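Same chain, two partners: subunit A is paired with subunit B first, then with subunit C.
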Partner chain A sequence: MQTNTDSGHNWFSRRQNKERRMSDLSHLVDGSIIPTENIVAAMEQLIKPGDKVVLEGNNQKQADFLSRSLAKVSPDKINNLHMIMPSISRSEHLDLFEMGIARKLDFSFSGPQSLRIGQLMEDGLLEVGAIHTYIELYARLYVDLNPNIALLAGFKADRLGNIYTGPSTEDTPALVEAAAFRDGIVIFQVNEIVDDVSDLPRVDIPASWVDYIVLADQPFFIEPLFTRDPRLITPLQVLMGMMAIKGIYAKHQVQSLNHGIGFNTAAIELLLPTYGESLGLKGKICRHWTLNPHPTLIPAIETGWVESVHCFGTELGMEDYIANRPDVFFTGKDGSMRSNRAFCQLAGQYAVDMFIGSTLQVDGDGNSSTVTRGRLAGFGGAPNMGHDPGGRRHSSPAWLDMKPDDSLLSKGRKLVVQMVETYQDSNKSTFVEELDALAMARDYKMPLAPVMIYASDVTHVLTEEGIAYVYKAESLEQRRAMIAAVAGVTPLGLSQNPEVTAQLRRDGLVAYPEDLGIRRSDASRDLLAASSISDLETWSNGLYKPPAKFRSW
Partner chain B sequence: MQTNTDSGHNWFSRRQNKERRMSDLSHLVDGSIIPTENIVAAMEQLIKPGDKVVLEGNNQKQADFLSRSLAKVSPDKINNLHMIMPSISRSEHLDLFEMGIARKLDFSFSGPQSLRIGQLMEDGLLEVGAIHTYIELYARLYVDLNPNIALLAGFKADRLGNIYTGPSTEDTPALVEAAAFRDGIVIFQVNEIVDDVSDLPRVDIPASWVDYIVLADQPFFIEPLFTRDPRLITPLQVLMGMMAIKGIYAKHQVQSLNHGIGFNTAAIELLLPTYGESLGLKGKICRHWTLNPHPTLIPAIETGWVESVHCFGTELGMEDYIANRPDVFFTGKDGSMRSNRAFCQLAGQYAVDMFIGSTLQVDGDGNSSTVTRGRLAGFGGAPNMGHDPGGRRHSSPAWLDMKPDDSLLSKGRKLVVQMVETYQDSNKSTFVEELDALAMARDYKMPLAPVMIYASDVTHVLTEEGIAYVYKAESLEQRRAMIAAVAGVTPLGLSQNPEVTAQLRRDGLVAYPEDLGIRRSDASRDLLAASSISDLETWSNGLYKPPAKFRSW
Partner chain C sequence: MSNAQDSRLNTNFVEQGARKRIEYVLDSGSMRELVTPFDRVISPWLEVQGIVPQFDDGVVVARGAIDGKSVIAIAIDGSFQGGSLGEVAGAKIAGALELAVEANQAGESIAAVLMFETGGVRLQEANLGLAAIAEIQSAIVALRKLQPVVALITGPVGCFGGMSITAGLCSYLLMTREGRLGLNGPQVIEQEAGVGEYDSRDRPFIWGLTGGEQRYTTGLVDDFFGSDVIEVRNKVQEYLRKGVPDTFRSEAIQSSLDRLKNVDTQHQITSEAAREIFAKGASL
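And then the complex of A and B:
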């Protein structure tokens, strides 16, 4: 036996480092409270060059007081930070790089800022570690991206640091645990500080995980990303929704599901209480949901279609409605929702029958991406929802329906449905020869293309032309023919062989509306259970309070 | 627009039901505290026939006071329960079914009780909902298996119900959240009740998620499942460990990993500071770990190989060692570990390069299972660790090394290594014509066989004969030949064509020890950094306190 222990090794360096930084701060704080006006000075004491910093830009809520404050520190004092952020959503997130405060970025999603990331990379100011899905970014926090600092947002705190995150719990539990339990420094901005824990509606994060709280100069920014106005749903989307319900949901007896965001899936949500009802499907399909609280789901909930909804995050305006539907939503003793993106991502991967969502580009094999050239938009959650989780071992009727043969060694599959119109607009075909993601990979010298959902994971392609049941394809060639058969008058669609398509329809590999007993002329907006935001408000008995931007009355 | 709302619908039925049950209990409780002697009577008030009940039998710790108490309720009052349990570990777990208190079971793992489950099924006393992996069972708690009651275990509570779970946090956060936020009733047994929250080392679960606490009649049961005595490691396992380090870890630059439990992987852990050091690999491989705190990892930690370890659960005897190595382990402000099986499962799926583990049977294609006939042993976590997560989008050098070609549409893969001796004992070949799991599926009329790891997920098969780099196989036939080439003198191994095997070795598809520059005669137990439990204790400077059953001095 050899015992080459370096007995002089210090195994407490992270903790001592944290204690040192905190002790240097004592003159600027009042217990756990950083006075609002001291936040920049406090950051300059607590954060050191090169630190790994988690900043809660997440899908909806933003720790924006903290991000704005971080952008005010002196780059002479704090620089070369390694930022770890679920979502890059605000301009100051990237100002950090322009100013030299930060240098490296690991992230999951960037909507409006995606073009600027590319520019900063070209200018040599920003180095991307990797682009992740949400859940793999959380995962890395526990492995090789462990944060020194976590900057987070909550609704309320008591003076000890117990946190009420409110209905928008979202990413917070996954982010805070990685820092709190590895001697990282945890700072929460909150909208309100109360004296005692008993003054909080409930505790979402215990004070013993939190180092500092700071009252923000204004409530944290939150955006209604999941509201779709029914007025903008087209008859074509109604037709696609009818096909989805009859040709996929009912056919496979889909009990539990996740809807991506968009007008296509909003149409389905609004067709359940009408078209779905007329098919006698209530109680037979769509009983359990993992999704953000889409306002367009209200009519289905009110008519008794929905047994449960577990949410990634919340949606502005839905707070009172959710609090008054605790039989459906996950709520605390205080009545408000508890969302949790990490657990909802788990649920959506391992416990639901189906994912259905839209995309911007689909190639002839069925690979898809929302990436367009120059925009490093990231992945968000779609690749996780839109794949067949190979670690699943329990079955359900829909899952088993995807089993390719009777072998005991064959598995079922999660249904992954791509629901797209063949044209994005009059000039832009959804079906492309090559995904822009490939050009992107070549431009940025990525080892692989940023594909959102791989062909091998897709089970159905649904367009206004029909449904391709691609899980039944016996060869790549047949798969391509099936996709071409529903690609309409796009170049891919025009390449189809009419005889092959006719045979695919006879064999049940492709179904056009008429094959499903659906008349195109029946696909009217009149079938939607709500035709406006105002209708949704009415359905909710006034509990849904649409944000001003969606009001038109 | 139609508004068919059933305006008389009660959306608060779950909450009212909970309030009613709790109010009926007021005479038996003191605030949040159920007096120990009242637990059976309290259960008879709180639990109703047909309830979905989560019971924390998990991998290590057991809410055994609550399970023993539940087995004492009157089956006339409580019957037909639907039990949801990560692990069936104790006899009273199944007594519940024999007595008619419970009827349906959803679970993940059952070690010693697996034979009895099959018997109870045959007797018509137990109906299995499904057998899951841990993480998919948690996932279903948020979808269609939402609990009415959760029976959980913690170390300490204050009088309000704030819980300190101790280093064995494990499954608790995932289980409690599903009940607490959908009007389930949450009951914790604890080893100690303190007056005030400030008397707790830290808070792991806030009181606002907890309904009742009860002082257990004795500390909860916890078993050291992950301790392997180095004395029992054989020279053959040393040889396999050397091949793993040189032919897999070093070859692919594995930075982050999960080790399954067993003597094979224990050998690797003990070879890193010796053989690994001699190859100059320190700091280049095995830096980040997701695994339970194996005592055999102590020498690698002490010699500076290990930067971080995130744990599913804890291991008896390792508490002080962990608390004194906070630079490596995830610990709270109080110093003790925070484990978390849900997050560690996430980390192991989405953030590590490799899983390596043993199994009992491998078929010629590379499918494997630990199932033997009549024993419904369940899956645990191996299928999740041992698969390629299709939702991963970031890359690492090892992951990219599995990329089959240069196409931008090709992905890397997680390394999934099956490490087995060709014979379990002198009569039992590990390589079989057909897995027993298939006979099991036929016996119990399962829709698919309980396969632990599918061939399509395996990248390497490692035996004492050599390594088959099966991720390189270009056909199923070649794959079979590669596996046969390392199957020794098993029937499968004897079926190999020597010329084919020679070619596979020349092509780098199979490597024997000599191909890796390893002499079989060098594979001595002397290479192990520790040869006994006592050695491990010495390495730890007395911080590791081996449980009595592992002490022999």
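And then the complex of A and C:
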């Protein structure tokens, strides 16, 4: 019955289109399996000019064999593709645009390739649909960006196409569903094909969602992005961590939270079993986490601080540790981690009390951005977690603590904490008159400035100078004075009026370390529960296997 | 703020600066620093080369007691110019050791503890650094006949260049896992031999050849242990108590030469191959 109906309209065009493409492919495939050497020819058959193509680029799992293969197709046969990619991390992702295979791009994050995206835009080779946050990008797959093709990565498959994603499931479920149930063609690259489903550790994606699998020429690329060596944490970061724990976590009873990547938050993780313990906070704060499995979280887990951790993806070296701590992490029956970026981002958006993260630039109002001139780095998930979701309806002590009054009609807020040193490495002030993001928007004629966290969402600004409780500000002017009070010797900081700052401190709107009962001289690295990667390995009883680049033994 | 209940929170010796290291090794309250930063004896050569000098020139020398025994304790600060030795830093070490020799000859009993964290000669003061290292070595050779001279290499810098020879002259040489001991530093070897032969960024390979565990397994050092400050202090005490050894490692010239002959220079050396060669030779 897949033909025209009474009205004469064909309601099955997408399905027929898919079937047509696949039926022409029989000479190149063996059942569901595309032989590795046939992948380019198969792509030239399956993909048509102008298609919307989802390409899985994650943090810890890259469909890199498929992206390298796509870059080998003939631009005469396949061109003007509309690429939809959570993360642009590999050079061939952009080769597609340089060669004319692809034309339009919707993405979330582009860390390592941020400079080149800007160049390709200037050269007129790449047109950006939008720079999204992760959840936003997944959501649009189900609205107006329905993919024709999904190029995805798994760890193992059986011959029918059941997929084991490995511990970094990451974006796969969100991406595959939009294609599989909208007559898109789903192709998985895997590191290994086993004969039978019983040979898979577990099934993360069922075969009926998958059209083709292909054995990659080499295992997908993975690097330890979330490992911070405790040896590089500075005493200043220890001081900021102490202020965060006492002046924010304890003050507001933050029980569930997300930590970004960075040495600032790594310091906090390592201070919980020492400084946090000395304040008697165990069990009262930091019980539930949404974040990648940071190795620096190991001492807090081992000392019983952490009840649950849900992850976006995994981290290299943490596999055995996670498999041996199923009470803490989400794991499959096979023992390995099951991560899921879409759910973890949703959890970070709606279910946690607090987001805390660093940034590169903050303006006087508290807007922040990681965009610097010429670099279109994208957002990733920070804006999802770093904002107050107006739809939230459940309460928690921290959320309620942000309520401006006792009215039953007023809402609490998620804590959104910007934790920055007043100066970046190269003597560059973090506090700026105007974010580079604005100049960028003008240069590239973007409808919106790429702001990471908007001032209206920020509740706290924490620097080595102190904490500005900006959620308490009663006017924009007062808010600016509070931020200036913790901006140190930056131009913004020097503009503060000492009398105003003194009053802000008396009123509890700004707290310096001494106001919190913290002596700056106490902020020593000795307070860190682990001072090296080796210490983390010891804490894990040898279960954490540090990647070679972090070993010093 | 160590948590007494949890041994995993103990203080790590590797983390400590030079002055703190001495404090941890000496009996509590016995430390008296010589030529302190307040004396401002700084290198006269660095400023003219655009380098900010340090008031202790990267070396801390102190008198004190360990386990009640009078010692001179010397620690190099690896965070200042990579622990390199120039004129002043070298003279502080050599002078202290020479005074210890004289004191012992005059009937006093003073042993020595050296904590190395050094890349060797400070290139900005090349000849003066070289001369100082020679003086340090002859002072150690004189002192080790009279008193135990205990050396400690914990990392993170390790002990390289001329100072690796100095380490080899000490009565007892002790290492931890993160310590490294080698004549040339990894980057120097890579520069000379090429990255194909010696990749200085291949950390397991580097530690596999020069790290504390390998040096202990191949018999080039006397002991190998964890880097907790208490453990380090106990080990230093243990080796000081051993007194002057009957023979010194640096005198075992023939057996070392025999081993060198067994090195196959046609093939890439591995950690296992090195262990095999050292296992064959007679004990040092």
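FYI, the second predicted complex is superposed on the first by the 546 of 553 C-alpha atoms of A that agree within 3 Å, B and C clash if a C-alpha of one lies under 4 Å from a C-alpha of the other, contacts with A are read in each partner's own complex, and residues count from 1 in each chain.
Everything that follows uses one rule, which is that contacts are C-beta pairs under 8 Å (C-beta built on N, C-alpha and C of every residue); 3 or more make two chains touch, one makes a residue touch a chain.
Keep in mind it's a predicted model, so treat the numbers as computed, not measured.
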item: First (subunit B), second (subunit C), both or neither touched by A:231; value: second
item: Touched partner set for A:255, first subunit B, second subunit C, both or neither; value: first
item: Touching partner for A:27 - first (subunit B), second (subunit C), both, neither; value: neither
item: Which of subunit B and subunit C A:338 touches, first, second, both or neither; value: first
item: First, second, both or neither for A:326, with subunit B first and subunit C second; value: first
item: First (subunit B), second (subunit C), both or neither touched by A:14; value: first
item: Which of subunit B and subunit C A:274 touches, first, second, both or neither; value: both
item: Which superposed partner A:538 touches (first subunit B, second subunit C, both, neither); value: both
item: Contact breadth on subunit A, by residue count: subunit C or subunit B; value: B
item: First (subunit B), second (subunit C), both or neither touched by A:551; value: second
item: Footprint overlap on subunit A, where subunit B in one structure and subunit C in the other make contact; value: 273-274, 299, 302-303, 529, 531, 535, 538-539
item: Sites on subunit C touched by subunit A in the complex; value: 1-3, 6, 8-9, 11-12, 14-15, 155-156, 177-178, 201-204, 207, 211-213, 227
item: Partner subunit C, residues of subunit A touching it in the complex; value: 231, 273-275, 277-278, 299, 302-303, 525-527, 529, 531-532, 534-535, 538-539, 548-553
item: Residues on subunit B engaged by subunit A in the complex (per definition of touch); value: 1-7, 9-15, 130-133, 135-136, 138-140, 142-144, 146, 162, 174, 177, 180-183, 200, 202-209, 255-256, 273-274, 287-288, 290, 299, 302-304, 307-308, 310, 324-328, 330-334, 338, 340, 342-344, 346-347, 349-352, 367, 379, 383-384, 386-395, 400, 403, 408-412, 437-438, 441-442, 446-451, 454, 456-457, 528-531, 535, 538-539, 541
